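Below you'll find the structures, each written out as structure tokens.
Next come two complexes, and both contain subunit A; in the first it sits with subunit B, in the second with subunit C.
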Partner chain A sequence: MAAEKAEIEKLKKECDGLRKQIETARKAVNDGDMKGASSGVESVGRVQLKKRKDLKGHLAKIYAMHWAADSRQMVSASQDGKLLIWDTHTGNKLVAVPLKSAWVMSVAFAPSGNLVASGGLDNMCTVYNVKAASPKTLRELDAHTGYLSCSRFLSDSEILTASGDTTCCLWDLETGKQKVIFTNHIGDCMSLALSPDQNCFISGACDSLAKLWDVREGACKQTFSGHTSDINAIAFFPSSNAIITGSDDTCCKMYDLRADQEVLHYQDSGLNAGVTSLALSSSGRLIFAGYDDFNCHIWDTLKGERVGVLSGHDNRVSCTGVPEDGLGVCTGSWDSFLKLWN
Partner chain B sequence: MDEMDLPQMKKEVESLKYQLAFKREKSSKTVTDLVKWIEEGVPDDPFLNQELMKNNPWVEKGKCIIL
Partner chain C sequence: MQEETAGVPIRTVKSFMSKIPSVVTGADIVQWLMKTLGIEDTEAMHMGSLIASQGYLFPISDHILSLKDDGTFYRFQAPYFWPSHCWEPENTDYAIYLCKRTMQNKTRLELADYEAENLARLQRAFARKWEFIYMQAEAQVKIDRKKDKTERKILDSQERAFWDVYRPVPGCVNTTEMDIRKCRRLKNPHRVKKSVYGVCEEGPPSQSPIHTPALHSRKGTKEDVEKEIQFLNIQLDRHCLKMSKVAESLIGYTEQYLEYDPFIVTPDPSNPWTSDEPSYWDLEASKEPSQQRVKKWGFSLEEALKDPLGQDLFLRFLESEFSSENLRFWLAVQDLKRRPQQDVAQRAQDIWAEFLAEGAPSPINLDSHSYERTSHNLQDPGRYSYAEAQDHIYHLMKSDSYSRFLRSNVYQDLLNTRRKLSTDQGRRTSLEKFTRSMLYGKSLTGKRITGLMQSS
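So, the complex of A and B:
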């Protein structure tokens, strides 16, 4: 026992040493920051959006939403035990999927539009075929030992999940089995985002770290620190070279993947609420971040300034999403409504 | 970190060595590229170019819209 403890102590010291070396390597390439690079960039001015639609239908807190690839349909999940698929052009509900477990925390639309996935405190990710005459359960992915916080389809045959058991997982939907398990976080995984080319994904966790992973190899390629509390939201830049994170510490941060470090943070002394969700505009110039203060605040990504606010919800904004065509933003809230703005 | 057992600690060391080996690029270049990339996308960003929001799918057709 004592020999093992000594060995662990030795390895701990080795880890501390390696972390110091990583910080040194980061400092060595830190020869220019975002403030400097964007000083010549014109301000975007005030961004004022109008609320275009109120989507009413859920009877309890909405926890998650995800746009379909057609930028028209959208799926939302509420702890009233239902998933609702909406036609956002008409405001009509197209499909209602009753859930076995009402404690849902995540929802995702497959790029094909054929499948949706959801999960939560049941520790499972359930995949439904929503193109059938009535929604049919296709798979129940059951191996996580903690709640399902987020899921994203790569295709109709593969899905990534993030869990409160501190791992993420790549599943094969044909067999229902785990293909790759991603272990490295030491806190609950709260969110994930897939890179546009699907070769990598990023995860944010309660250990206040964001990690970049190789989807096929399972290795953690890079780790980003700086936040001082749970990271609840994470997104890839459309260019794939940077990521944005949102945390309970009330900040959002931009991490540059090529320089392997934080290059800007988004924080305001007047904002004391945690960030729950975030989405980027199509160019990446605007960040739409949902907060516990019932608002969605809009940030100028390059200048680090707040340029607008979407107010109207009567409770925490729990989810935010911009469709692929970039023509607007959807916010979902614990007040049970979804709102469309542009 | 505090409760990791021996196999987990060994994995953590391996992971950190792998992450240390990453080829970092100078931020003066990477950040400049990022700014350039975003600026190039702004004209096609509907939130920043009112022209693109003209056929707004979420607004009732057939009414007067105050732009």
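So, the complex of A and C:
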């Protein structure tokens, strides 16, 4: 027993040694900083957006929203037990999906527009066919042992989920079975984002770490630390080389995958609220981050400066999303309304 | 944080009215805060409001928990009811409370509309338990009757204020609301606290204590540690790109795509959400791509293939060179990934027959290694059997065909025709410009038109 213990100790020392080496390697490539490099870039000035649409229809807190690939339809989930699919151009509600469990926390639209997924405290991800005459439950993906915090479709046959049980999972929708389970986080997984080429995805968790995973292999490829509290929101920079995270520690951070470290952080001494959600403009130049202070603040991604604010909600902003055509941004809030801005 | 700020220190602000027991004016509170904490009046108001919104003090004649810097009377909440006790009052408690209020014949205890609605709802919800709740309420009323009149007045108001916090008046923000995902960790003492007064931490934020030890101590067994070492070695072997290069690449990307970002550069002819004019969408959907769009296909192969029109043009170019099999293979594999399971095996075989088999009609150039691996994969065909082959072909297209495509006449002509079209538009007559701007609404020319109309 003692011999084994000693061996484990030796191995742990090796781990620590490797970690130090990695830190040194990271410091070695740190030959400049983003702020300095971007000082030459033209400023975007003050970004003042106007509210273009007010989507009223939910009766309780909105917890999540997701744009459809056509940049026209959008689905929102509220704790009034309904999913609503909106036509954002007209403001009309197209489909209402009643949920078995009202404690919904996540919603996703399939790229085809045929399917919608939602889940929450019921620990399940339910997939609905919304092109049928009335929304039909296609599958109930039941294997997580914790709440479902986020889900994203790869296609009509595969979906990724993130859960409070600290794992993420890739499911096959035809069989309803788990294909790959991604374990490495030691805190509830709060959010995930798929890379544009769908080969990898990133997850943010309550252990304050962001991780990059290979979808097919199931392995954690990279880990990013730096936050001091739960990471609630995560997104890919459009070039796929960097990721942005938002946390309860009131900061957003950008990590570059190639430099394997933090590149920039977005923090303001006047902001004391946690970040609940975030989305990027199509060029990646702007970050729209929703906060607990009822506002959505806009950041210049390259310079790290706050360049605008979207005020109008009467309670915390719980979800933010920019459609694929990048024409506007949608914010959803606990005040039960969704607002479209540009 | 509430414990530090509220409570005992403020209590020393003395109450004075005789008829209305134990009150304090809003102005007094603000003054005291300013004096004791040495802060400005706006800061004192802000702090006071925060304290009030949490329910530590409340206005005696209102249900809305805020602070006014005037003669409005406030009362302090009884320590028993303080939020710091982490109350999560059940609906049964609320039901007993509302029931109690209806039993006492006092105008000041009459239920407000929303309270009556709540009571009705609770009666339906607790139909079976109602007898029990009623009895509890009766017992409470009996006890209350025994108390001193003034004391009762104070206690009643404090109790009401408590419920104003946990069952707020509709329209007020419920400050006790927690994100349900974080609820079960509420009592975690290690949760990172944020400064209420906007005080920023100097220097880098320290690691929260719970995270560092947990990270390392999780790996207990020898196997776990060995896995960790393996992972770390891979990390170490990874080539880290220099920060300066990273910055360069990120800046480069945004600069290139900036003109395509509707938040930075207003799209041409207009952003449909702003102008309520769908011409932008019509143009995007039409078979005539704008010059800007054609230019984007030159950014990378991904961009060209992402756009159906770009993909179409690239395919036609390759067909003219008799080298379209690579792209057709790539497209077939993309399609295979989205097929329903029952079709997969057949499709996979079809793809093999078309592109890879001996004597295939559209043979693609695959290296022997990938060829071996793919044929092995096909023994058990799945959606991703061709993943490696697809990657290989993609890189071939990227390094070879794509660059030729960009230099080709068919692409260059389209790019320049589009450019020519926009200069053509510049030469249109002023009348045409007038009608165009009338159709497309808010534009600079619109302003000039009004000027014209006024002068004529």
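The rule is short, and it goes like this: the second predicted complex is superposed on the first by the 327 of 342 C-alpha atoms of A that agree within 3 Å, B and C clash if a C-alpha of one lies under 4 Å from a C-alpha of the other, contacts with A are read in each partner's own complex, and residues count from 1 in each chain.
Keep this in mind: a residue touches a chain if its C-beta (ideal position, glycine included) is under 8 Å from a C-beta of that chain, and two chains touch if they have at least 3 such contacts.
These numbers come from a predicted model, not from an experiment.
Overlay on subunit A: subunit B and subunit C clash in the combined arrangement. When the two structures are aligned on the shared chain, A:Ser149 is found in touch with subunit C, with no touch to subunit B.
Between subunit B and subunit C, C touches the greater number of residues of subunit A.
By the touch criterion stated above, A:Lys179 is placed in contact with neither subunit B nor subunit C.
Legend: residue contacts after superposition of the two complexes on their common chain; A:Leu340 is shown touching both subunit B and subunit C.
With both structures placed on the common chain, the touch criterion links A:Asn272 to subunit C but leaves subunit B unconnected. In the superposition on chain A, A:Lys93 makes contact with neither subunit B nor subunit C. Among the listed stretches 1-9, 163-171 or 253-261 of subunit C, only 253-261 clashes with subunit B once the two complexes are superposed. Counting contacts by the rule stated earlier, residues 4, 7-8, 11-12, 14-15, 18-19, 21-22, 25-26, 28-34, 36-38, 41, 44, 47, 49, 52-53, 89, 186, 220, 222, 237-239, 241-242, 256, 258-261, 263, 281-286, 301-302, 325-328, 340, 342 of subunit A appear in both its interface with subunit B and its interface with subunit C. Looking at the complex, you find that subunit B touches subunit A at residues 1, 4-6, 9-13, 15-20, 22, 24-35, 37-42, 44-48, 52-53, 56-59.
Residue ranges of subunit A in contact with subunit C, taken from their complex: 4, 7-8, 11-12, 14-15, 18-19, 21-22, 25-26, 28-34, 36-38, 41, 44, 47, 49-50, 52-53, 89, 103, 105, 121, 147, 149, 155-157, 164, 172, 174-175, 186, 188, 190, 196-197, 206-208, 216, 220, 222, 228-230, 237-239, 241-242, 248-251, 256, 258-261, 263, 269-270, 272, 274, 276, 281-286, 301-302, 314-315, 325-329, 334, 340, 342.
Here subunit C touches subunit A in the complex through residues 173, 177, 179-182, 185, 191-192, 194-196, 198, 200, 205-208, 211, 214-216, 218-219, 221-222, 225-226, 228-229, 231-233, 235-236, 238, 240-251, 253-255, 257-258, 260-264, 267, 271-274, 278, 280, 284, 302, 337-341, 383-384, 387, going by the rule given at the top. By the touch rule above, subunit A contacts subunit B in their complex via residues 4, 7-8, 11-12, 14-15, 18-19, 21-22, 25-26, 28-34, 36-38, 41, 44, 47, 49, 52-53, 72, 88-89, 183-184, 186, 219-223, 237-239, 241-242, 256, 258-261, 263, 281-286, 301-302, 325-328, 340, 342.
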